Amino acid sequence: MRVKLGCATLALCVAMGASGANAQSGELTIWSWNIAASSLEAVVEGFNAQYPDISVRVDDLGNQQVFDRLLAGCAAGGAGLPDIVSIENHEAEIFWAQFPDCFVNLRDLGYTEELASEFPDFKRTELEVGDAAYAMPWDSGPVVMFYRRDFYENAGVDPASIQTWDDFIEAGIAIAEANPGVTMTRADLNGDTEWVRMIGNEQGCGFFSDDGSAITVNQPGCVAALEKVKEMVDAGIMTAADWDEKIQANNAGTVASQMYGGWYEGTIRSTVPEDQHGLWGVYLMPSLDANGPRAANLGGSSLAITSASQNPEAAWAYVNYTLGTNEGQVTMLREYGLVPSLLSALDDPYVSEPLEFWGGQAVWVDILGTLDDVVPSRGTPFFGDADAIVQAAQTQYINGAFESAQAALDDAASQIALVTGLPIAE
Amino acid sequence: MRARNRIAYGFLAPYLLIFAVFWIWPIIYSFYLSFLSTRAVPWTWAPHMNWGRLWIDPAFWNALRNTLVILFIQVPVMIALATLLAVLLNSQLLKARGIMRFAFFAPVVVGEVAYAAVFRLMFNADFGVINKILTGVGLPAVSWFSNPTAAMALIIMAVTWRWVGYNAIIILAGLQSIPDDVYEAATLDKVSKTKQFFFITLPLLRPIILVCVVLSVIGTMQLFAEPFLITNRGGPGGATETLGLFLYRQGFTVLNFGYASAVAYTIAGLAIIISLINFWLGRDPK
Amino acid sequence: MKPQSEMRSKSSREMIRTIGLHAVLVPLAIVWLFPLWMMMVFSTLPENAIFSAQIQWLPGTHFWANFEQLQADTGFLRTLFVSIMVALVYTVLSVFLTSMAGWALARYHFLGKGMVLAIILGTLTLPYFVVVIPQFIMVARDFGLANTWFALIVPPLFNSLGVLFMRQSFSMMPGELFDAARVEGVKEWKIFLFVAMPMARPTIAALCIILFLASWNNYLWPLLINNQPDMMTAPVALGSLIGLTRVSWGGIMTGAVLLTVPMLVVFVLLQRHFVAGIAAGAIK
């Protein structure tokens, strides 16, 4: 009901936007990364059909550098910043805490409460401070396991039988045996905490409590997540690889599974060589117990308009077209697998189509099916601090410096408390 | 005399101006910053926050430990190797002198980014040429970027590759400034070459080597680009995070300028103390 | 008989020593040249050869294709242009600045000379990291000069080693020459510019090379102060590719070669000045 009402409002807005389009002209620059950047380019054509006089340039700087340069640019009073920037949700709050003046309050440009209510609450909390909305939700990252059908078949492993992480480890050993040179999965153990966050989130645990007021990283869900990661490393089914190396491994056919947010669909589809088409599939992430939760969220971004923009109205027109319309959101889903946060976009027919690349599987039905079960997890302005600390604890624990995952994360929690001044939750 | 002063300061003025604006003022401002809480705007006065945190921050101690590991392992190894190279390159018996010098001196002109990129590719765990060579001769492949010890070893090797020639050049210049007649007398007295090295050359080189050590200490205290680029921001999990990188992270990733300033002062203090100790240890025994 | 055998034993001892010397140096030299060689090789290989199972020892033919990829990824030619301009202007300015300061410290007795010298020597032991954060805040936020030529060139101009180097050179010149000029009424700045500077040519040459190289390879400051593609220096642009997705490693290696090979050529041609410049860093 609410969705339908929203659609009507939205259509009205788009119509209004279109009628005002004649007045809009100028050049926009956007900073983004990887396929997110590609998808922003993909919507330009549809955008220009409505706003022919606004030209859009997307710079793909890589995830870390968008963050670094945006911080440096804001610290420099907005020097060198583009009109629009992509910001990951869990990293977003440091910007509003440090540089509220670096960004335009989207409420002033037409991002009304009604429009905002079109997005799920867990996507909004990190982007809004009081009455100000500094960014508009973009995509979310419901986690699933991407896998190579042929490698699993060679080992006689049916992905449907993998319900728990222990099943996954067992299958991984069998798959490595049946496919020489292939590793079950890769994780960025050296530069990220992605797996701990994914399994932790699945088990209802994040670095911080939902209201961002306490540290929860040493609670049972996160402890279990870290334990499982080490078990996988020790069993030899998981080896380290950063983003780049994972892609190299995908292309070289040396990895059987990759766990990531749904947006990895587009990365795989657009980077693997032709002869792997039809060989990939998707199944739900395993859980701790056979009946445990099998949904989590990793990543998911937003778009913000900087105060440095010479043309905030044109920037808003683009942001609103890209994120606030089904047309824009579905284009990005179709082209690059970015999962819309805009609730109405999930009803698009494309979502239920079986996809040839995925061996005829209707992967979006499976991926989006988990969305309802995702537990929100809050980044807070201290995410960067906390992540570095948990990374160190993860490395030390995997290399045997701690007796237990609990000890490692207790230590991490006390360090995070020191850095942030927040209490450790009971 | 007055005129002299005016002329002298006329020549010094542009230099001193740059110095005052871009060094003196930042140093003072940095000190002030270190007493502020810079976690959110507006910055507030919190005199104990950053300095207090420094003492009990395990991440800072980790970075300090990593830096000291490099200081106590890499610097001595490199200086010893540089001395050896300088002596060997200075030998009359050397053939293909030009190529030899080129081999060791060339890394001096190679930028941090360029060599970091090459090392990163060479030591890639899956496809890197180093692991291919290791497995080719029957040794196990090493996870250079995920094993903390291996990653540290990699940083040490990379820095040594880059800087040994630099130090060898300095020491070689020192060697060549030792007059020949010192050795002639010794040779006439049938003192062996080895003994000549230890009892004549090394003592005479002492001040030069000392300078090399001090320069290397200062360099190590601000080692940044190698762990930033080669081991991917001090990975795995901070195992190669140096003080320089820690400062960068505090300043420009989590944007805590106040804490970063306290760290900067600590780095400077340590560099000065270690340099003074070096000069004291290396002073002429009278 | 005896002298002959002594001679033979001397030459055979020399032989053993020669062999020993090369047995140590040659393998080391190969190890040291290896990364540079691999840089060249990688820059000429297509992506699938770099990441193939075999070791590629020899160059391929993909240099141009890799360069085009690099140019498409970063606009590398523009960044090279920025780097060259910055290094040239920086070198010229810095040579004049340090020469003037060195001249004052070498040739005049003036009030506060001891203090100025002490400060310059003192900053030698001070890591640059102490000032980088406030420098950034000042230049970027307070002056609003991020992404400008000024920001790239001027703050790094402070250079203690150069001053000491030039001071040493000037103080070794015969004073009578300058006094003679003074007697004839030549102004001090003219003595400096037209008498002293030409005499210091070899020192200046060495200093130029060292300064140019330092600016050419400078990474941290340009990384911080520039976030716009058209004002990026080549090392920063190249560094920004490391860690990017779908990045062409062949392209990165091509960039590394373009940054390195010109310097290697300069090094080979001007080795004497290079060595003098570096050695001077230690001899005060």
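Letters A, B and C mark the chains in the order given here, with residues in each chain numbered from 1 onward.
As a convention for this text, a residue touches a chain if its C-beta (ideal position, glycine included) is under 8 Å from a C-beta of that chain, and two chains touch if they have at least 3 such contacts.
Just so it is clear, the model here is predicted, and its values are computed rather than measured.
Nearest to the global CA centroid, when each chain is reduced to the mean of its CA atoms, is chain B.
When every chain is reduced to the mean of its CA atoms, the largest separation from chain A belongs to C. Across A-C and A-B, the chain pair carrying more C-beta contacts is A-B.
In this assembly, the C-alpha centroid of chain B lies 16 Å from the C-alpha centroid of chain C. Between chain A and chain C the centroid-to-centroid distance comes to 42 Å (mean Cα coordinates, whole Å). Distance between chain centres (mean CA atoms), chain A to chain B: 39 Å.
Looking at chain A, one finds that residues 72, 75, 242, 248, 252 touch two or more other chains. The set of chain C residues that touch two or more partner chains comprises 51, 136-137, 224, 243. Residue positions 127, 232, 252 of chain B are each in touch with at least two other chains.
Taken together, the chain C residues at the contact with chain A in this complex read 51, 136-137, 140-141, 144-147, 224, 226-229, 231, 240, 243-247. Those residues of chain B that touch chain C in the shared complex are 4-5, 7-12, 14-16, 18-19, 22-23, 25-27, 29-30, 33, 84-85, 88-89, 91, 93-95, 99-122, 127, 129, 132-133, 136, 161, 165-166, 169-170, 172-174, 193, 208, 211-212, 214-215, 218, 221-222, 224-225, 229, 232, 243-244, 247-248, 251-252, 257, 260-261, 264-265, 267-268, 271-272, 275. Against chain A, in their complex, chain B makes its touches with residues 39-41, 53, 56-59, 62, 124-127, 143, 145-148, 151, 231-233, 235-239, 249, 252-255. Considering their complex, residues 33-34, 59-62, 64-65, 69, 72-73, 75-77, 79-81, 242-244, 247-248, 252, 267, 271 of chain A touch chain C. By the touch rule above, chain A contacts chain B in their complex via residues 67-68, 71-72, 75, 94, 97-100, 189-191, 239-242, 245, 248-249, 252, 254, 381-382, 384-385, 388-389, 391-396, 399, 411, 415, 418-419.
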